[in-house]
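Presented below are the structures under discussion, each in the form of structure tokens.
The following pair of complexes shares a single chain, chain A, combined with chain B in the former and chain C in the latter.
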Partner chain A sequence: MRVYHSVLKLRLLMGMQYRAAAIAGVATQFFWGFIIIMVFQAFYENAVTTPPISLKEIITYIWLQQAFLVFVTIWFRDNELFDLITSGNIAYELCRPCELYGFWYAKLLAQRLSSALLRCFPILIVAFFLPKPYDMTLPPSFTAFILFISSLILGLFLLVAVSMFMYISVFLTMSPTGSLLIFSVLGEFFAGLIIPVPLMPEWLQKIAYVLPFRWTADFPFRVYSGHIPQNDAIIGIVIQLAYILCLVWLGRLALNNILKKVVVQGG
Partner chain B sequence: MIQLQGINKSYKVAKRQTGLKQAAKALFYREHTTIEALKDVTFEITQGEIVGYIGPNGAGKSTTIKIMSGILVPDTGTCTIMGYTPWKDRAAYVKNIGVVFGHRSQLWWDVPVIDSFELLKDIYKIPQQDYQTTKNLLIETLELQEIINSPVRQLSLGQRMRCEIAASLLHSPKILFLDEPTIGLDAVSKIAVRQFIKTINKEKGVTIILTTHDMNDIEALADRVILIGKGSLLYDGQLGELKKQYATQKTITADYQKNSTPLQIPGTQTLSWTPERAIITVDTDVTSTSEVITQLSNIVELKDVAIEAQPIEDIIIQLYKEYQI
Partner chain C sequence: MSLYFKYLKILFKSQMQYRASFLLLMTGQFFIPFSVFAGLYFLFERFGQIRGWDFFEVALCFAVIHMAFAISECFARGFDMFSGMVVRGEFDRVLVRPRSTFIQVLGSKFEFTRFGRLLQSAVVLAWALGSLPLQWSPAKILTLILMITSGVLIFTGIFILQATMCFWTVQGLEVANIFTDGGREMAQYPLNIYQKWVARFFTYVIPFGTVNYLPLMYLLGKNNGNDLLYMLIPALGSLFILPCVLFWQLGVRHYRSTGS
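Moving on, here comes the complex of A and B:
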């Protein structure tokens, strides 16, 4: 446990070094947030039927998405890990007396945490004080808030477990480009980052509900706005837990198997 | 302590000629060749030895180190180190070894060196007391005081290497694998590192296996050398023996009063000659150096004589030639 704790600490310290990146990130996310909200506003004003999720809920959804972007996007990756695999520097990681899966999991988790800590608060604070209708609103109840926090954290754990497969695949392909594209395009679409899941056509929703991706973003954000009722939220959290256990188990299996065959590149 | 028995390892390598046409062809059909990196490698190393593992580029040195450190699985053969099979009992085994890969880095690039050390402390679960003592010793002997608080990316290659070596030793390993540890070091650092390796070998009984292309490292450190070429072991024995066997030449540089006749001494070869200076090599199998000097002083009036043994590098070149590697 100590190891994971200190990897987290080191990564946090490292992430904090990059203030300029955080400021630039915050600015970009505001820009994006506004554009997307305006697009939805235009759609909602001309909607023939009542959409399944209100504009108010969508706006909260979008600000949460922007604030916790690094918790929910797969493209936010650790290039160092890719380099380790393709250049053969993984040699050193392999002669450490701890399991690689846990070690990398902690690294990836820490990277996302450190970036989020710097970015989420300015976005959230400003979003609350924006003029109507662009402002973010509080969750309907304190219970909803607690449920949101739990599902957001579990969502993060789940996302890291998903992204782990991307790193594992690089052992086989030796190039991160392909894996990155497939994982981020599919993963992020089905997580509801491009169109919120309730606004998807029904057949697409069915697919999204089967895949694990929506539990990382769509689910916690809708728990916050109260669009998912509390009873369903609790069931959802259990499903999240089940997914995490399952994916971590599969990931460890896959990684340990691949390590048996791995050729450390370079001499 | 370390036993390798009949280790074989081959790599499958995709090959293609240069050019667009060949690249297009490779899209459909790929040629593979199998390279036998190690062929029936067998040796044994006892505790407290320093072994120089030498061979030309691509001989299989790094592959052997990788197998011994548990990050590569050989095709066939057994390897037992301290009772473990490295690639099978990896987690338990690697606690006991330290590895330095000269051309790789284990330090975190963006943070000060000391932060990487702290992380290693937790990874290896080193008790605080031991960590402090070892760290201070390493800082002192490898002269790291001034660089330990700088981010790794701002260090020079030599400075980084010293930190890498320190990082591999924080957990006081019983076996140390050094894969070209003196790459990029200046003369002073090289000597510091060699001195340090000697010290930990003597005082703590650390077993050391060293690969390098700098023969001075070998000469300064190793008593025993293992020579590998094209994947096979070619020589395994004392460095002294090797010298006795191959270093049969000595070079004599003589300065003398002006003399116009070239020198003719049996058992020698004249490399260069001027009326005031001659450089000759002596084949010590045929005659002795003292005999040659006596003869020299009979012919000319000597002013100064310098005798040099054959440099170790020459011996190695001779060896490589003899084994055709």
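Moving on, here comes the complex of A and C:
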């Protein structure tokens, strides 16, 4: 455990070095947030039937999404692990005296965490003080907030477990792009990145609820705004835990199996 | 110009060497805007319309913008990836060759995988055009072509601006994505659904409005009078690239090699 902890800490410090990039990212995300909110505003203006989620909740949802974007996207701009696999440097990693799955898991977790920590505070703080229709609201109760925090953290763990499969598959295909691009586009769609899950048509919602993707981001965001009541939120957290255990177990199994067959060529 | 086509041919051949990877990437590129379009479709299924625009009208707008973006990303990729050229000091080599820097940088990279994107927007375009009750006339076809070309020129202009900034900052700036990716996302809806200040900025400063809104009104017969003006407005918007090219020339004179 201590090994993973120090990997986590090291990575966090490394991520914090890129402050300028983070500021640029924040500016971009504000712009995105505004654009998306304006589109929804226009849609809601002459809505014939009452939509299943209110505009206020959507706006909060969108700001949370922008603040925690790295908790949503399966694709994280980091090619280090891919390079390790395709270049054969994986041999060094295998020499380390700790299990590869846990080591990479800690690495990926720290990357996303450091990036999120840098970006979320400026976005959230400004979002609270924006003029009226665009501002973010506080959660309805303190319990909702606690539930939000715990589901968000579990969501991150779940997302990293999902993204591990992407790295594992590179062992087989040796090319990180293409098929993975399709996988991540689908995953992000079902996580509600393009349109929030409650606004999808019925049949699509059913699919989204079965897949693990929505539990990473869509679920905590809706807990925050109170769109998901507290009792359901507690059940949801149990489901999240179940998914994490299941996916981590599967991922470890797959990785260890593949590592047995790995052939490192010269170099 | 013949030099440009030679670049094109060589790069195409080199990308075709990895055929499987090329095809997979192309499919991936097909799916990215596809998921965005699916989102748009589902929103319309729920809400029916957006400030008086119905689904196919917006789909037309979406197709034009995404097509323009795909084409310019395919052909002006050299400018998009320019910061790498400056960081590695490769631009020095470009400067000593007896050809214009503009053509050389433009020809340094092509992303043919963007054809996937292009294909997707072409399908949407065909679907939208087939479903809209339009009265076709040569003038309207001309307008549609003008819209796409001018869109390509505007996106290319932004890519050039982004590249030129590298002469001062060396590293590429992520902020420029606001105008390329952000501009694309924004311009896929007709401009008048946004707040006044956004619409104004993107009409007078970066002229997306001249591509996606004003001529669209003419195409759909929503304008009142002044057909010729609405028709030719995209041509006006494409003038945006001229200052960009001038700025590029200015930037080249400021270039200081990074050495390595």
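Just so we're on the same page, the second predicted complex is superposed on the first by the 262 of 267 C-alpha atoms of A that agree within 3 Å, B and C clash if a C-alpha of one lies under 4 Å from a C-alpha of the other, contacts with A are read in each partner's own complex, and residues count from 1 in each chain.
To be clear about the criterion, contacts are C-beta pairs under 8 Å (C-beta built on N, C-alpha and C of every residue); 3 or more make two chains touch, one makes a residue touch a chain.
In this text, all values refer to a predicted model and were calculated from it rather than measured experimentally.
Within the superposed three-chain model, A:Leu138 lies out of touch with both chain B and chain C [touch as defined at top]. Chain A is touched at more residues by one of its partners, and among chain B and chain C that partner is C. Of the two partner chains placed by superposition, A:Cys246 touches none, neither chain B nor chain C. Of the two partner chains, neither chain B nor chain C is touched by A:Leu172.
Of the two partner chains placed by the overlay, only chain B lies in contact with A:Tyr92; chain C stays clear of it. In the superposed model, A:Gly25 makes contact with chain C only, not with chain B.
Of the two partner chains, neither chain B nor chain C is touched by A:Val210. Contacts of chain A with chain B, set against its contacts with chain C after fitting on chain A, share not one residue.
On chain A, the positions that touch chain B within their shared complex are 2-3, 5-7, 10, 13-14, 17, 80, 87-89, 91-92, 94-99, 260-264, 266-267. Those residues of chain B that touch chain A in the complex are listed here as 11, 58, 62, 66, 69-73, 87, 90-92, 94-95, 97, 99, 101, 103-106, 108-111, 115-116, 118-119, 122-125. On the side of chain A, the complex with chain C involves touching residues 21, 24-25, 27-28, 31-32, 34-35, 38-39, 42-48, 51, 175, 177-179, 181-182, 185-186, 188-189, 194-195, 199-201, 204. Note for the complex: chain C touches chain A at residues 21, 23-25, 27-29, 31-32, 34-36, 38-39, 42-43, 45-51, 173-175, 177-178, 182, 185-186, 189, 193-195, 198.
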